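Next come two complexes built around chain A: one with chain B, the other with chain C.
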Partner chain A sequence: MTSIKDILLKEKRKFRLWMLILLLVITVFSILELSLGSAGISFVEVFSPQNEYAEFVLREIRIPRLLTAILIGAALSFSGLVLQTVFRNPLVGPSVLGISSGASLGVALVTMAGFSLGHSDIPKVFAAILFSMSVLLLLFSVAGRFRDNASVLIVGMLISYLAGAVVDILIFVSDNDALKEYTLWGMGSFSRMNYGEILVVATLLLVAYIIVYKNRHLMNLYLIGELDEVNEKRKKRLIFLLIIVAGIITAFVTAFCGPIAFIGIAIPNLMRFVLKISDHKYLLPGTVLLGAAVAVMCDLLSAMPWSDHSLPVNAVTSLFGIPIIVFMIFKSRHKSL
Partner chain B sequence: MSLSGENIVFGYHKKPLVVPFSFSVESGKIIALIGLNGSGKTTFFKTLMGGVPLLSGTIKWEGRDLKDLSFAERHKIFSWLPARKVIEERLKVFEILTFSISSDSFREDVLSQMDEVIRLLNLEEFLELPYHLLSEGQKKKVEIAALLMKKSPVILFDEPSVFLDVSNQLELVKVIKNLSLEKGKTIFISSHNLDFLRACADVCWEISDTNIFIDKDIQSAFARYFDK
Partner chain C sequence: MKATAKKNGVKVIAGEYYDGFWSVPGSSSYVAIMVEDAGGEYLVKNSAPSTIQMNKEAFAELFKNAQYWRKLTPMNWKAQSLRKEDVEAEFAVFPVHLKGILYCDVNKTSYFEQALLHPDLELQDLITELSGGEGKNFYRLIPVD
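So, the complex of A and B:
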C-alpha cells in the first residue's frame, strides 16, 4: 500500500528537481539577456568585458535591467500567490486590490496635472507609492467593518474604477507630451531602476518573504478551513498581515516599473499546475523562482534581440500570461486530473 | 471524570442559551446532543473550543479549569468538526491530512500514526486525489481523518451523518464506536438524525427551551423529544 511517507518523499523530490531546473533556466536566460542586444557584446564578454564601452553597457544598462526583471518577476508572483491564498481564488492578482490603480493615479497626477519636475522619475515614484499606500489604508479602514473577504475584493475593484475615472479626466484635459509620458509608464519597463532602488525593493521583498514564509503552516491551515469559526481572531490577523505585505510589495514594484500585467496572476497558477502541490512550504520558493525566470524570459522577448526594435514589457507579459489564465479556467471547470 | 462543568451558562452576551447546569462525562463515552435549530448545540461546541466565552460557571478538564489553558492547549484537548467545512477544492487528500498537523517534517511515529488513521478510514486509494473529486461520504471521511491527526482526547462532531447514505452512515458509526472503545476518546455528536445517534450514543443531552436534560436512557430521551 502507499504510505504517506512515500508520497511526501515523492513530493519533496519533485520539488527539488523543479527548483534545480528553474535555477538553471534563470542562469541561462540571464547570460542570454546580458549578451544579446544592439551593443554587440559577445557571449564571452559577459564574463570579462574587453573594453570600457562593453563594461559600461553591462554595468549601467544590462545588469540593472536583468536584476530588475528577476526582482519584479519574483515580487509580483509572490504577492499574487499570497493574495490568491487570502481570497481562496486562483484568478486574483496583485492588481485586484486597487493598489496598482492607486499608483497609476499618482503617476497620472504627476505627469498630467503638472506636478512633474522636469524629467526626473522621483516625483512619479513618490506619488505612486503615496497613492497606492493610501488605497491600502483606505481599504483597511473599511475592511474591518466587513465579515468576509469578498467585500474587500469588491471595494478594491471599486477603488480601481474610481482611480480610473480620475485618470480618464486627466487624460481628457492633458496635452500630448504628458499623455505620452503617462502611457509609456503604463506599458511597464524593467529599465527604470538603479542599483540603489533595486537594493531597496530587494530588501523589502526579502523581509516580506520571511514574514510570509514564517506563516506557511497557518496559511495551509487556512486552506483546509481550520481557522474558520473558532480561530476567527487568528484568521483575521493572518489575512491583515498577508494583504499588507502583498500590498506594500505591489505598491513599490508598480511605482518603479509601472503596472506589469498578468505575471502576478499567471505564475502562481503555473507553479501549482507544474508541481501539483498546494503546500506553501513548496509554493512560496517555487513561485518566486518561476516568476523570476518568466520575467527574464519576457524581458528577453520584449527586447527582440533579433531586430532593432523592442516591445513594451506589458505586451509580452500579457501575451504570455493570458493564455495561461484561460487554460487555468478551462482546467478548473473541467472535472479531471 | 475527565470533563466536568459546574453551574455553566453558555450563549452570547445578550442572549444566554441555557439556565445554569452541571455535568460530568467519563472518558470514552459517546454523548448525543439533540435540540431544535438554534437551541445552542453548536454554541456549546464553540464554547468548549474557546471561540465563544463561557458566560458563567467553570468547565474542567482533568481537574484543570479551561480558563487557565492557552488557546493551543485547549485545541490539543478538543477538536471540532463543523457541519460544513470550507476546504480548498484543489487540495489533495494527503495534503489535507498533513496540513492539519502543521509541520515541515514528520517523525517516524507520527507517520505511522497517520497511516493507521488512513487505514482506519479506508482512505489509501484516495490519498493523491484532489478533494473536489471525492463523493460527499469520502469528503466526510477525509475531514474526520484530518481531525484524528490531531489526536485530541475529546471530539465534537456537528451533524456528521448529513449527506451520507445508509452504508456510509453505518461505516461512520463503526469508526466512532471504535474511537470510543479502542482509543478511549470522549465524543459529542450533535445531530438531528436520531437513528444515527441511537446506533452510537451512550448518553443523551437534550437542549430544550434553555434547559438541559441529561439522560442515560437514549430511548426514553428520544421518545420525550418526539412528543414535543
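So, the complex of A and C:
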C-alpha cells in the first residue's frame, strides 16, 4: 500500500523535474529571443557583440524586452494564481477585479486629453497606477459590506463595464492620433519598459512573492474550506492581503505593458494540470516559472523575427490562452478546483 | 504634371513611435513617392502603399542608414537641435549617419489642410531641405550633431 510519505516524495520529485524542465525551456527561449531578429546578430555575438550596433540592439532592444517578458509573465501568472485562490474559481484572472480596466481608463484619459511629455510614458504610467489603485481602494471600501467574495467579483466586473463605457465615450470624441496611441497601448507590448522600470516591477514582485509564499499554508487551508471554520478573522485578513498584493502587481504590470490577456488565467490552470496538485508550496514557484516561459515564447512569436512586421503580444497570448480556458471550462464541469 | 528633382542619394526614413511599435509609411506610400521625387532615397523597400507597424529592431535596422528622418506629428516638440545620444535614448534607434530631422508640427502649420491640395509646396520643402537648405512651407530642419 502506498503511504502518504511516498505520495509526498513522488510529488516533490515531479515538481523538481518540472522546475528543471521549465528553467531549461526559459534558457532556450531566452537565447532564441536574444539571437533572432532583423539586426542579423549571430548566436555567438549574443555573448560577445562584434560591433557597436550589435551591442546597442542587445542592450537597448533585445535584453530589456526579454527581461520584461520574463517578469510580466511571472507577475501576471502569480497574480492570477493568488486571485483564483481568493475566489476559489479557476476562471478568475488579474483583469476580473476591474484593476486593468481602471488602468485603461487612466491611460485613455491621458492619451485622449493630449497630455504628453515628449515620448515619455510617465503620464500614462502614473495615470494607470493612480486609476487602478483607486479601483482597488473602491473595491475595499465596498468589500467589507459583503459577506462573500462573489459580490466583490461582481462589483469588480461592474467597475470594468463602467470604465469601459467612459473609455468608449473618449474614443468616440478623440482624434486619430490619440485613438491610435490608445489602441496600440491596449494591444500590450513587452518593448516599452526600460531598465529602471524593470527593476521597480521586479522588486515589487519579489516582495509580493515572499509575502504570499509565507502564507502558503493558510492559502491551502482556505482553499479546502478549513480556514472558514477555524478562524473567520484570520481568513478575512488573508483575503485582504492577497487581494492587495495581486491588485498592486496587476496595476503596475498593466501600467507599464498594457493589459496582457489570458496569461493570468491560463498559466495557473496549466500548472495545476501539469503537477496535478493544489499545494501552493509547489504551485507558486511553478506558476511563476511557467508564466515566464510562456510569456517569452509568446513574445518571440509576436516579434516575428523572420519579418519586419510584428504582432501585438495580446493577440498571441489570447491564441495561446483561450484553448486552455475552454479546456478548463469543460474540465470544471466534472471536477472542482 | 510631375516634377522631380535630380537624385542626390540622400537616404530618408519616415515613421512615428507609438507605444512599442513604429508606424512606418510603405515604399509605395505618398511619403515615399514625395521623398523619391525630391531626389532622396526612401529606405523602406516593401512596396506597401500604406503604413505598416514595425517592431523596434526592424525600424532601428533601417534607421542606422538614414541621413534624414521625416517626422510628422502633432506633438509640440521644442527641440531646436539634438544630439545623437538624445535620439538614441528617446527612440531606441541608432543614428549612425543621421544629419537632421525633417519635422512638421501639424499644430503650427496647415499641413493637413494644404499639403494634399498643394503637394508642390511639400515637394519644394523636401527638395530644399534634402539639399541642405531650409524649407519654407511645412517642414523645418532640426539638426542632429
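Heads up, the rule we're going with is that the second predicted complex is superposed on the first by the 330 of 337 C-alpha atoms of A that agree within 3 Å, B and C clash if a C-alpha of one lies under 4 Å from a C-alpha of the other, contacts with A are read in each partner's own complex, and residues count from 1 in each chain.
One rule holds for everything that comes next: a contact is a pair of C-beta atoms (placed from the backbone, for glycine too) under 8 Å apart; a residue touches a chain by one contact, two chains touch by 3 or more.
Remember, predicted model here, so these are calculated numbers, not experimental data.
Novice: Quick one: on chain A, after the overlay, do chain B and chain C clash, or do they fit? Just give me the call.
Specialist: In the superposition, chain B and chain C stay clear of each other.
Novice: Based on the superposed arrangement, let me know which partner A:145 touches: chain B (first), chain C (second), both, or neither?
Specialist: After superposition on chain A, A:145 lies in contact with neither partner.
Novice: Applying the touch criterion given at the start, work out whether A:62 contacts chain B, chain C, both or neither, answering first, second, both or neither.
Specialist: The second partner, chain C, only.
Novice: Quick check on the superposed pair: does A:232 touch chain B, chain C, both, or neither? Answer first, second, both or neither.
Specialist: A:232 contacts chain B only, not chain C.
Novice: Counting only touches as set out at the top, which of chain B and chain C does A:88 meet: first, second, both, neither?
Specialist: first
Novice: For the overlaid structures, how many degrees, to the nearest 10, lie between chain B and chain C at the C-alpha centre of chain A?
Specialist: After fitting both complexes on chain A, the angle is 170 degrees.
Novice: For A:214, select first, second, both or neither according to whether it touches chain B, chain C, the two together, or no partner.
Specialist: neither
Novice: For A:224, select first, second, both or neither according to whether it touches chain B, chain C, the two together, or no partner.
Specialist: A:224 contacts chain B only, not chain C.
Novice: Applying the touch criterion given at the start, work out whether A:4 contacts chain B, chain C, both or neither, answering first, second, both or neither.
Specialist: Only chain B; A:4 stays clear of chain C.
Novice: Of all C-alpha distances between chain B and chain C after superposition, which is the least, in Å?
Specialist: Least C-alpha distance after superposition: 41 Å.
Novice: Tell me, which parts of chain B touch chain A in their complex?
Specialist: Residues in contact with chain A: 46, 49-51, 80, 82, 85-88, 90-92, 94-100, 102-104, 106, 111, 114-115, 118, 124, 127-130, 132-133, 146.
Novice: Using the touch rule from the top, collect the residues of chain A that touch chain B in their complex.
Specialist: Those in contact with chain B are residues 1-5, 7-8, 88, 90, 217-218, 220-221, 223-226, 228-232, 272, 276-279, 281, 332, 335, 337.
Novice: Going by the contact rule set out above, which residues of chain A touch chain C in the complex?
Specialist: Within the complex, chain A touches chain C at residues 37-39, 53, 56-57, 60-62, 116, 118-119, 121, 175, 177, 180-181, 184-185, 189-192, 258, 303-304, 307-310.
Novice: List the residues on chain C that touch chain A in their complex, please.
Specialist: Result: residues 17-21, 23, 46, 52-58, 60-61, 64, 73-75, 77, 88, 90-92, 94, 96 of chain C touch chain A.
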